[in-house]
Each structure stands twice: as C-alpha cells, then as structure tokens.
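Just so it is clear, A, B and C label the chains in written order, and each chain counts residues from 1 on its own.
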C-alpha cells in the first residue's frame, strides 16, 4: 500500500505521468465545459450556416478566423465538434467501465468467495465471452437495434446502447482480476475473524474482502476506459455507433473520412489526433498506476 | 482447580473432519484427507486446555471446527450443553459473542484497510445491536485498556504497528464482546522471543481477571508446560494422550508424547548428542490401518499395525492414552 | 590462526536521496577450526545480514561499507567473483531456512549433487555419484541410492532439509553457515536435523555458524554464542557461560523470559517494548529504552564490547571470565 503523499510524490517525479495527466486534464476540462466555452454550438441548427461549410483551418488560405480548425460539410466548426465529441466519447467510455465494473466486480467477488460450481460456471462463461471479440458482439447487437427501431429512437438511445453493450461485453476482465485477488485475500485470517463474529457472506465479501481488492480494479479501470473509447470509435466509424448529429470522436472521423480525398483532410485529422492523445494518455496513466500500486501485476496478462 | 468435571464449557463427541481433495474430473479415485478422526475432548470452565501437535495433526482444524469456521463431517460439538454444529446462523448468533478466536499471524488477522476502532467496534455492532454509539465507544476504550493498548491507537491502521502490538489488538478484538471461551491458535509463534512473554502474560492476566476459558493451540511444549492446565497431544487427526500438564511432563505415557518431549531443545544442553531416527508423518490421505504412530514407534508390535488403539483411561494415573501398551 | 576472522563489519543500505541506514554496525567475530558458534537475535537484529556479509553476498543496493572478513588468511571482501566462488559453496557451505533456496525444483537430487561436486572437483560422474550417495547416507536418508532420482517436491520438508545438508557436506567444507535451518520444521524434525548437524560438525571437525532465534537450540548445539541487538553484538562468549550467567541486560531478559525458566503459573519476566527499527535507533546504547539498568551514560554513548559484553552496567560484573577476554 502507498500513502497519498507517497503517491503524489511519485506522480510529480515522473515526467510521463505528469505529461499524460496534463493531456487528460485538458481534454476532460475541454469536454466538460464545452457548452460554455465552445465558440459555437454545433447541435444548434440556428447557429449553422451552409455558407460556412468546408472551410479550411484559419491559418490556411480561405480560412475563417471564427473556425480555428476549419468546418465540416454542414458548416459545423471542427474545433467545437471535437470539444463536444470528446465529451460524448468520455461519457461512453466511463459509462461502459462503470457497467463493466459493477458486473465484473460483483460476479468476480461472488465467484472467488463461493468457489465450487458457482466459480466454475462464471469463469467458463467469462472464457466464452472473452473468446468472442467485443467488436463482433457489439456489431451484431447494434445492427439488430438499428434495424429494429427507426432513426429517431436510435439516435436518442444510441448512447445508452453503446454503454450497455460495451459494458456487458467486457465484464470478464474485471471479474477475473477481482476473482484472483479475492482468492488471495479470502484465506487470510482477517476474513476468518470476520466469519467468527458470524458476519453473513454478503458483509464479509463487500465489507472486508472487496476494499482489499480494489487496487487492481483501479488500474484496469483506467485502461478499460481507453479501450471502451476505442471500441466506441471503431463502432461509430463503421456507422453503428453515435449518429452524425450527436457525433463522438469516432463518428467525426467517419464523417470526415468521406471527404478526405476531396481535400478536406482537417475534418478527419483533428478528431483523430484528439482520439489518439486521449487513448494514449489514459493508457500511459494506467500503466503508471499499475507500476506504482502493484509492481507484481506487470507480469500479469492484462 | 475448582471447576466441576461434569460441566464442560466445550465438548466434542466423535468429531470427524474429512476433506475431499481436488482431482481430475475423469479420475475415479476420490482421495479423502482425514483431518480429524474421532476426537472427543471436554474443556472445563476456567481452564487452559492446550492442544499440542506437529503440523498436519489436526489441531488447527479442531479449533476452527469448534468456532464454526468448518463444518464437521460427522460428530457433535457442544457449547455449554447446547449442540452448536447443527445450528444455523440465526440460532448461533447469540452464542457468537461468547466464543472468540485469536489467530496465529497478526500480520494477516487484521484487515489492513480498517483502523483499530473500526476493527474493534464491528463485533459489538453486529453481535450486540442494542448498544448505542456511546456504549460501543466506551466498550472499545475499556478493552484497549485491558489489553495494554494505548487509546491513541484507535484511529491508526494496522501497518503502523509492530507484530506484538498487532497481536494485542487482535486479542482486544476477541475480548471486546466479553466472551467466556477463546480459541487461541498459535498466538505467539509468529512473534519475536522478547514479545512472546508479553503476550503470554497478557493472556494469563486476562484469564485471571475475567475467568476466561482458553483452548490454546500450539506446537511449543515449553509454553504448554508453563501455561496449560490440561493437554491433548494430537497426531494425524487423533488425540494420542490427554492429561493434566503435570502428568504429561512428569510421566508421559504415549510414545509419541515421549518423542515430542525429547525433542524440546534444553538450555542445559546434551539431549541432541544421540542420533535420532528420521521420522515422517504418514500420508493423511492413506493413513496406516492401525495406530497412526506405529511406523515411527520404537515399541510397536503387530497389533499396532492392524488395530487402532482407542483413547482409554489408564488405571494408574488418570491419564488418557491411545496406545495398546501404555499403562 | 583463526579459521574466520571478522573485524568491524558494517553493512549499509541507501535510504531516501542521500542517506544510508546501517543494518550491521561494526561486528567482530572469531571462529577457530571446528568451532560451533551460535548467533542469536530477534528479527531485524542483523543476524542474517551477518551471514550474507561473510559470504560477500549482500545484494544491491546494500553494501559492506567497512571492515574485513578473513577466511584462512584471505579477505573475502576483496576477492573477485571468480576467486570467491572457489570458496563459497566449496570451503564454506550454506544451509538456509527454506530448502528450496538451495534445491532446483526441476532437477533431480542426484543431478544437483553431482553437478555441485563436479563444479568444485575434477572427478568422474561415477565417482561423484558414489560420493553423493555416501553423503545422503551420512545424513540418514532412507534408501539413499533411489532418492538420487527423486525431484525435490517428492520429498517431505524434513527430508529436503537433510538433502540440503548433504549438499552442504559434499565438498567437505571447513565452515558451514546455517541460517535458521529448522525454523520451518516441526519440533521432532528440528531435533533430528539439529542433532545431525551437531554430530556431523563435531565428528568431521567442521566449524559452524548457526543463526537462530532459539536459545534452546543454541544451548544444545554450539560452544560459543553471540547475541545481537539492532545490528550490534551485545554479548559474546562461551555458550554455557552466557546461558548460566548472562551479563548484558538484554541477554538476561531473553533468558528470564523463557517459560522454562519460570515457575508454573507465575508471571513471566517480560522485556518491555520492542526492538527499534534500524531506521530509527535511539542514541547511545540501542537497548537503553527497554533496559531497567540504564542510566544517563547509556543514553549518551554506545558502550564498547569489553570482556564479551557491550554494557556500562553488566550483571555479574565481577565474574568476567578469562575466555570472555579471549573472545576479543
């Protein structure tokens, strides 16, 4: 274990950690305050003007100082859409990880503590699910969903569907991590001491064992947020994710990709850079957390 | 000792504990480990009942079965005359406050994320829900005083303490509900020599003040001699000899007890000069048919290899021994 | 000339940016040929550190900062890795608490023994095998020849430790360093192993450094005794003398605290408090906060080791024995 002071000291003595921390902080602040600070609200049709479409970045010939990174074919400022899109991507990433975490931690805790057939059943289920790729499950589910409902309903509920599908598809990672920590903890004497008092299994699991297994959960959460954002971007790029009128970073890249050969490269490039920066920062931060909190995990599979 | 012999606080009758070992799911053999086979003990109120033996003898299993951490395969366990091994959690809850346990490893027996107050308050809050917050605080303070812990420890986490201090906290946790009976499973073997005496004295003082009954599980016979009233010597899941401490040290009847006593290193020296036969514990999955000690026993005869001797009272001394030839 | 002569040995570990903490703070030790020495102390007293320092095995980032270890006229701390390998595992053998430190789990016992022998002697495999079986017989391993093909995990803890002793004896060493060799074993197995080590050393004139926390074991096995506290030797001398009449208050306390030294049912003598961590030592004598004989003098300065005891106010002051001086 490590104290808060030691933790901060380690953080501020590691340039990689500081760097990714700053990048992440900027992107998160940008996303959270997008409605207040974005130069334009890209969802407000009143603010859009078809005459502004396809403008290059402001420093290039034909650029408009109102649109720093240029505009897309509907006249939305790329910079403003990125600010809002980052928010949607982060929302889906974090939401999916919360779903994964709740499912995975509960099932992993249960499997590890109960053992026996409960454990065998849940872990085989996890194996099966891990052997199917997340993207494949998501494509099937979203394609059905899109076919079943009309476009308006789809665009209203797409964000929840993405969170749910990515969340459900990735629970085994949390479940396995938690289960293996629980197996290590449950034979320690403090658990016996709690059982000697007669505490019910529920209280022993949640009150005593879980708090001692949260370190690795914190580590994989960070990395899983990055992974969920990537999955969402991939789905959106395939046209199965966020609709273009509520674009995430992935749908922005997709909508610009059609025009990349007609010269409007900025519509795709800038969201892509932001996506890469966001995912990279999260991954680096996750790796750093893992090294600080539990160097033993480095040899693990995830 | 003044307690009446007919009023045991804890009693086991024919206690058996079998664990099936994990196997390949296709294998036909189902190996079973016999951790306890037919253990009958009676612990009298107010005494220190020691259970001695080497690793694998079942002494910890016995303690954990009495505390309800393990469910016996067969046999009965009684606490103050009530059968407890078949009780469900709701029936057992009122008894929990009267039975507590101190564990071997003070580095593992305290939850690393809970401060001392949280650790000590939990048993009261769960087992005595009628207590108010002020009562809980008062009780925690009282038990900290009784176990020689400082009140300033309440808000600290376990990693801030040394092994001896942690064991004091673990003892305080066992005492916080004012139990009558405590199972102490090797409570000093993980501690440094100079700390062991502190903890033994503490346990002794607490017994005098509160009239506690101890079941003291240990491998260290020199501690038993000082600390115990009666001793059960266990080997491979069976009680080999059961007697008062004095009788065991003065006149051990069972050859295994004799071997154990001869193995204690003495400050006077000289007892390690003679060569010793290498002895190994038999495989507990396939125990020998007769006396489990027969393969190591210097006086074993054919009957020992075929027939398991039962624990019987010897006429001469009142010692109980499970040996065909003890007298 | 003494077989082993350790003078003023210091071992330090870095702490923080520039600081260092000393795990050994100046230890002297002399061992004659065939002599058996017990090193006793609580965890953190530096007794294992001493064993590792003697073999020049202190792992990074720790290092020996001062002192010398002279074995048969050579300072082991100045030898190259190549030169010291000719001594370590050959003329000086080690037995650790966990047999699996010595045994390789994927090789048979026989292969490990033969390889050890061939690394130090130029002999044929057949001859090495014969010698190995001979040593396994010496440590009373039943059916030794067939055990040569066994893997370590097929043996019980007691047998494994016997194999480790057989390996330690393979090269006919002059000195064996045993670090808590029986702590993980049961009482009856401990008695077997210790009695084996005792007889092997005595019969073959092998010197022994036995590191343990158990005064009973030391009394049974060793002739000389050194008691360590917080990285220092606080008392040294003949085992018998120290056990019968300890001089340092810490040694007195340790012995008085043993249950066998106190009447049944009586309160045990207890040393208050616990040993300070090496990162936070008190001034002067490290034992003074726990000592009932301590005075201002003890708080101010570390008492030197004189007449076998490092204390300004030793017990049995007039009983300073001749051999206690000889130990210096």
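Here is the rule we use: a contact is a pair of C-beta atoms (placed from the backbone, for glycine too) under 8 Å apart; a residue touches a chain by one contact, two chains touch by 3 or more.
Fair warning: this is a prediction, and the values are worked out from it, not measured in the lab.
*Asks:* What is the chain whose Cα centroid lies farthest from the Cα centroid of chain A?
*Replies:* The most remote chain is C.
*Asks:* Determine the chain that sits nearest the middle of the structure, using the mean of its CA atoms as its centre.
*Replies:* Centre-most chain by C-alpha means: B.
*Asks:* State the pair of chains with the top count of C-beta pairs in contact.
*Replies:* Highest contact count among chain pairs: B-C.
*Asks:* In whole angstrom, how far does the Cα centroid of chain B sit from the Cα centroid of chain C?
*Replies:* 32
*Asks:* Round to the nearest whole Å and give the separation of the Cα centres of chain A and chain C.
*Replies:* Those two chain centres are 56 Å apart.
*Asks:* How many angstrom lie between the CA centroids of chain A and chain B, rounded to a whole number?
*Replies:* 52
*Asks:* What part of chain A is in contact with chain B in the complex they form?
*Replies:* So the residues of chain A touching chain B come out as 1, 188-190, 192-200, 203, 208, 211-212.
*Asks:* Which chain B residues qualify as touching chain A in the complex?
*Replies:* 64, 67-69, 89, 92-93, 96, 99-101, 103-105, 108-113, 122-123, 126-127, 159, 170, 173
*Asks:* Per the contact definition, I'd like the list of chain B residues that touch chain C in the complex.
*Replies:* Within the complex, chain B touches chain C at residues 54-55, 162-165, 192-198, 200-201, 204-205, 219-223, 225-227, 245, 259-260, 262-281.
*Asks:* Under the stated contact criterion, what part of chain C meets chain B in this complex?
*Replies:* Touching chain B from chain C are residues 42-43, 140-142, 156, 158-159, 162, 186-192, 194-196, 198-199, 213-217, 219-221, 239-240, 243, 253-255, 257-262, 264-265, 267-272, 274-275.
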